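The letters A, B, C and D name the chains in turn, as written, and every chain counts its residues from 1.
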Amino acid sequence: MVKVSIIGATGYVGAELIRLLYTHSKVEIVAISSNSFKDKYIDEVYENFLGLNLVCGDEESAIEKGDVIFIALPHGFSEEISKKALNSGKIVIDMGADFRLKNEENYKKWYEKEFECKNLHQLSSYGLTELNRERIKSSKLIANPGCYPTCSILGIYPAINEGIINESNIIIDAKSGLTGAGRTLSLSSHYSQCNEDLTAYALGGSHRHIPEIEENLKFYTNKEVKITFSPQLVPMNRGIFATIYGDITKAISLEEIFEVYKKYYEKEKFINIMPLGKYAKVKNVSMSNYCNISLHVDERTNKLIVCSTIDNMIKGAAGQAVQNMNLILGFREDLGLEALSQSF
Amino acid sequence: MVKVSIIGATGYVGAELIRLLYTHSKVEIVAISSNSFKDKYIDEVYENFLGLNLVCGDEESAIEKGDVIFIALPHGFSEEISKKALNSGKIVIDMGADFRLKNEENYKKWYEKEFECKNLHQLSSYGLTELNRERIKSSKLIANPGCYPTCSILGIYPAINEGIINESNIIIDAKSGLTGAGRTLSLSSHYSQCNEDLTAYALGGSHRHIPEIEENLKFYTNKEVKITFSPQLVPMNRGIFATIYGDITKAISLEEIFEVYKKYYEKEKFINIMPLGKYAKVKNVSMSNYCNISLHVDERTNKLIVCSTIDNMIKGAAGQAVQNMNLILGFREDLGLEALSQSF
Amino acid sequence: MVKVSIIGATGYVGAELIRLLYTHSKVEIVAISSNSFKDKYIDEVYENFLGLNLVCGDEESAIEKGDVIFIALPHGFSEEISKKALNSGKIVIDMGADFRLKNEENYKKWYEKEFECKNLHQLSSYGLTELNRERIKSSKLIANPGCYPTCSILGIYPAINEGIINESNIIIDAKSGLTGAGRTLSLSSHYSQCNEDLTAYALGGSHRHIPEIEENLKFYTNKEVKITFSPQLVPMNRGIFATIYGDITKAISLEEIFEVYKKYYEKEKFINIMPLGKYAKVKNVSMSNYCNISLHVDERTNKLIVCSTIDNMIKGAAGQAVQNMNLILGFREDLGLEALSQSF
Amino acid sequence: MVKVSIIGATGYVGAELIRLLYTHSKVEIVAISSNSFKDKYIDEVYENFLGLNLVCGDEESAIEKGDVIFIALPHGFSEEISKKALNSGKIVIDMGADFRLKNEENYKKWYEKEFECKNLHQLSSYGLTELNRERIKSSKLIANPGCYPTCSILGIYPAINEGIINESNIIIDAKSGLTGAGRTLSLSSHYSQCNEDLTAYALGGSHRHIPEIEENLKFYTNKEVKITFSPQLVPMNRGIFATIYGDITKAISLEEIFEVYKKYYEKEKFINIMPLGKYAKVKNVSMSNYCNISLHVDERTNKLIVCSTIDNMIKGAAGQAVQNMNLILGFREDLGLEALSQSF
């Protein structure tokens, strides 16, 4: 059994990691840490873990005990921890944003912070498994992608890479369930306020997932991608549904686009291209590591419309982290991630 | 008291009309009709109307008894009924789609049907109160707008009319609550299927509200408007939230756009332009006749993003019908529509 | 127009009062106060009140300006304010718990506090309109009932008063929507935690609504009522549904019990006894001031089962307060409360 | 790999079985049948099964191909099928109600039907794993329990068996999510009707789970159990929460009752007795095979209140069926059922 530690185990991403790793047949959680719940048993924080013998310790000890260190902290705290862990020969999978941007100018602009350990940023690999598998395999430091970027990039990458759409005028209208807002209390995630409501936030080009999407799409396609990104909150727990609009720039039919997508992802267990005429749906990926994608063309306006959907806590966070760990450790990539989504 | 009848009173729009008219101080419901529930008391169909002494009769009698005839039938049934009612000197407010398009070619294309009574189509007025008030006032036949068109047109009209955005490349990403699907049972509105789910439908330029939006926007702006329209279902009962994207075509700041919108709607009780920095939200219009609009600009991509939201059953259907009736009858326009939206 | 003030206007009960009073034709809100949002406009706290010209001032000024003073504060703050207001000749309607118990021993035991102004407690009237109408009419100080007590007492009072059931062994299994938990943030009202969840709280005889129910039922029936009370939270915004169990103590049929209830409430606009075979439902009272009651007998176990349901924010709080105000001011009792519940 | 077949695979229970068995490491689904979707691929019925190579065939062939036959049909169809399957040496796990009652008089009274194959009823074992493990192990025909009975019996059995409460006066107030109503369309499971609603059904001693609970509790405790049972529908997908009330008949403290329960279930992986002061919650069992139980005493009224909760589709149906299959086949009892519940 490979030993894993989770730093920041009491946030939603940490808790989802525990839930997934608990049933993973080749790893065991040997340590967890939490600043907010120091010395508490995990089942005092999450009652669904009743009986799990895990106590929130400190970061030092978590680094020491684990072979793989998952970091599930708010951004800004991972560089120091990663350095320590890597120096001790550990594998680090960071769920935060600290290593997701390679371009330091971008990072400064969007996070108002400089790279502390520049070489770590060079060493790190962006953990979008399906697009970066070879690099991830041989990496010791993974920048696990954000939820919106995972859903958006997987959904639009083939169309951009094949030059089907204009890469500089893409609109991503993304809808997220409330777990995306995490465990921190706020009026905007207070039940009576957000139930039976729907609204947007961070419009006007201000969400930090924008540079993550653009920079990584550029990395994979070598094109200057530019997106308009609108995050919105809908009253459900899990799921992201991205409706992505692109201007079709060449003569190509929906059937041909469908074939392109099928081919791009034909070996990918976790990516389903829905049969033409069917729609991707949140429910069909919820509680699973799948990303479902459906393709639509509006001939009146010559737009490609891609619906891409994931479970934000699994493929958009903890599940993809496990997928990356499996890859690095040489396990079957879907180990611990076999669950199908809910039928209802 | 003015006498009103409702034809097709047992669908969701009919029921919402009853609810609103019940507290209207200057009208009384004298007759309702229903094909599905003939001879039933309305409280056998909707238990919230317990004790209301209204029996579902036939259409003939409903036309005869009322001075104002609301028609809440599926499209395709209103022409004949309207002709009869108008011939008897009644005022007709049709909630269906039969008179919403003036262009017969469009109607044939999208509804696969010809105009039966061509002169009625010429007589009818599109009931988007705020944009068509003068015509409505003197009209005897109102084509009450669809829910998506109400929300979309109110949201984008000033920007198009002022030439702020390119009218031929507008994207409307619209999210609707489940009451939009009506009372008819289907798997897609079965609780366990649509709760905790989100999906799209009718993508690719196939929804019948497209010509309604384009034709009416053209009528008010004299521009050839072209839209990409994506309807989506979200797990809540009421509300439409339209996120509308337009390419800004001239040098104009968000503040200036805000001033334009403020001015366009300054006399409109039911239209709120949210202060800059605030977001329109479904909850802030739910259970009311208001339309809230918030404005956002993405300077990176030079897009105007308008969030427009209404209660689909009120401003998007029964409430606007009452507003139009008030206008025609010379009542205060907000009579029976005073309710503020829910705080939670 | 009668002038009204709301002290504590920014909690959920205060906000609901504003919403209801805004459309009341014979009163105007002249002042509101709030400790948490001093000097803020109400639409900075609740965006659905956009444009309402109400600023959160202090309590002194609210008392001075209004003829009727609504107090919507947590318990423990009303005695002092009420004294001041009454001394200035105002009418006070207290939405908190401070005057709901007449028995000081009970109050001490359950609220760990003594009566400060004993005479006020004697002067005050319990505002359960339908059972205490005559006293309320001539009262200047109303203790507006709690939400659970309103729903429970109205549901079970006729059965106890007529000796149909054993008054000392009554079980009230009550389910409440999340607005019952108010605007204060907590993990138990955090969307992702309580959505798709259901749980109980305060079991074992510890909820402060127990003495309120028992004491008031005793007052109206002259019997020593004893209840087991189980509050539970269900994922919906509004509504209380109380399932009440009593042991039938005499030979009486369901039809006869139904007739008893019909007769007790025959003149009550806001109380519906559902036809036998039908069930009370939250939706059929939601957004209205109604209380719906359905009656069921289990002959196998000789139990009377009463389902009683209200909108916790309206009949269970702000609506009943308005009803009481109407009564005291000599208005039609349903003024401002005419709204029917939602059909969907 | 053991071969299993599912008869009636396209209802909700069948679909949940497919989801669970898909990740079971020691069985494979070799055949499914469906009358409603004959010859369809399962992913045409449930899109979350996209790519699963399972076609809905006929019952004959399903019986022939499988070693274990799950029957997920409405009641009334299992006797004939079970006979055939048992005659061919198969193991049968029936998810319907046909074999749940041993007492033919009870069966006639509640199901208006006689036993067709009396000897099968004698052979069959009630599949409440924790209480009937030894019989199940050696059985070839399992009557898998209903969802309400599983939750209710596990929750109250120790208290009855130990004589802590009066067995003849038990009230079970049970709340269920909407998946309990299955896939069949009806107005009462239409989203806009049941969202933001809560109501009861089948009150007055008419629900068919009553004899199942009473008869089986009698079987395990040898006492004449009598229950008042109130099923209620709450707006969530999964979960049953039963609040069970019993009259305490002897001097015993809550702590002692807690110890009794702990001891009864100390070896049971899937049953959690919540620490005193904590509450069972639907979320803490949802998506898992666990049953969580919390204990509460109201000393004022001398009642024991037990909160018992399960996922109705897993421990209340498909999960328990898998648990029973594991037991019969000699597998680890939790194989395929390792998933922890959701944290959010």
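Methods note: a contact is a pair of C-beta atoms (placed from the backbone, for glycine too) under 8 Å apart; a residue touches a chain by one contact, two chains touch by 3 or more.
Because the structure is a prediction, the values reported are computed rather than measured.
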item: Chain B and chain A - chains in contact with each; value: C, D
item: Selected pair, greater C-beta contact count between A-D and A-C; value: A-D
item: Farthest chain relative to chain B (centres taken as mean CA coordinates); value: D
item: Whole-Å gap separating chain C and chain D, where each centre is the average of the chain's CA atoms; value: 39
item: Chain centre separation in whole Å, for chain D relative to chain A (CA means); value: 36
item: CA centroid of chain A to CA centroid of chain C, Å; value: 46
item: Residues within chain D bordering two or more other chains; value: 12, 177, 179, 183, 192, 195-196, 235-237, 281, 283, 342, 344
item: Complex contacts: residues of chain C adjacent to chain D; value: 169, 171, 173, 175, 177, 192-193, 195-201, 203-205, 210, 226-228, 230, 232, 234-239, 241, 243, 245, 254, 279-283, 286, 294, 296-301, 303, 305, 307, 309, 342, 344
item: Chain C partner contacts - residues on chain A that touch it in the complex; value: 12, 177-179, 181, 183, 185-187, 189-192, 194-196, 235-237
item: Chain D partner contacts - residues on chain A that touch it in the complex; value: 12, 15-16, 18-19, 22-23, 46-51, 179, 183, 196, 237, 272, 274, 278, 281, 283-285, 287-288, 292, 338-344
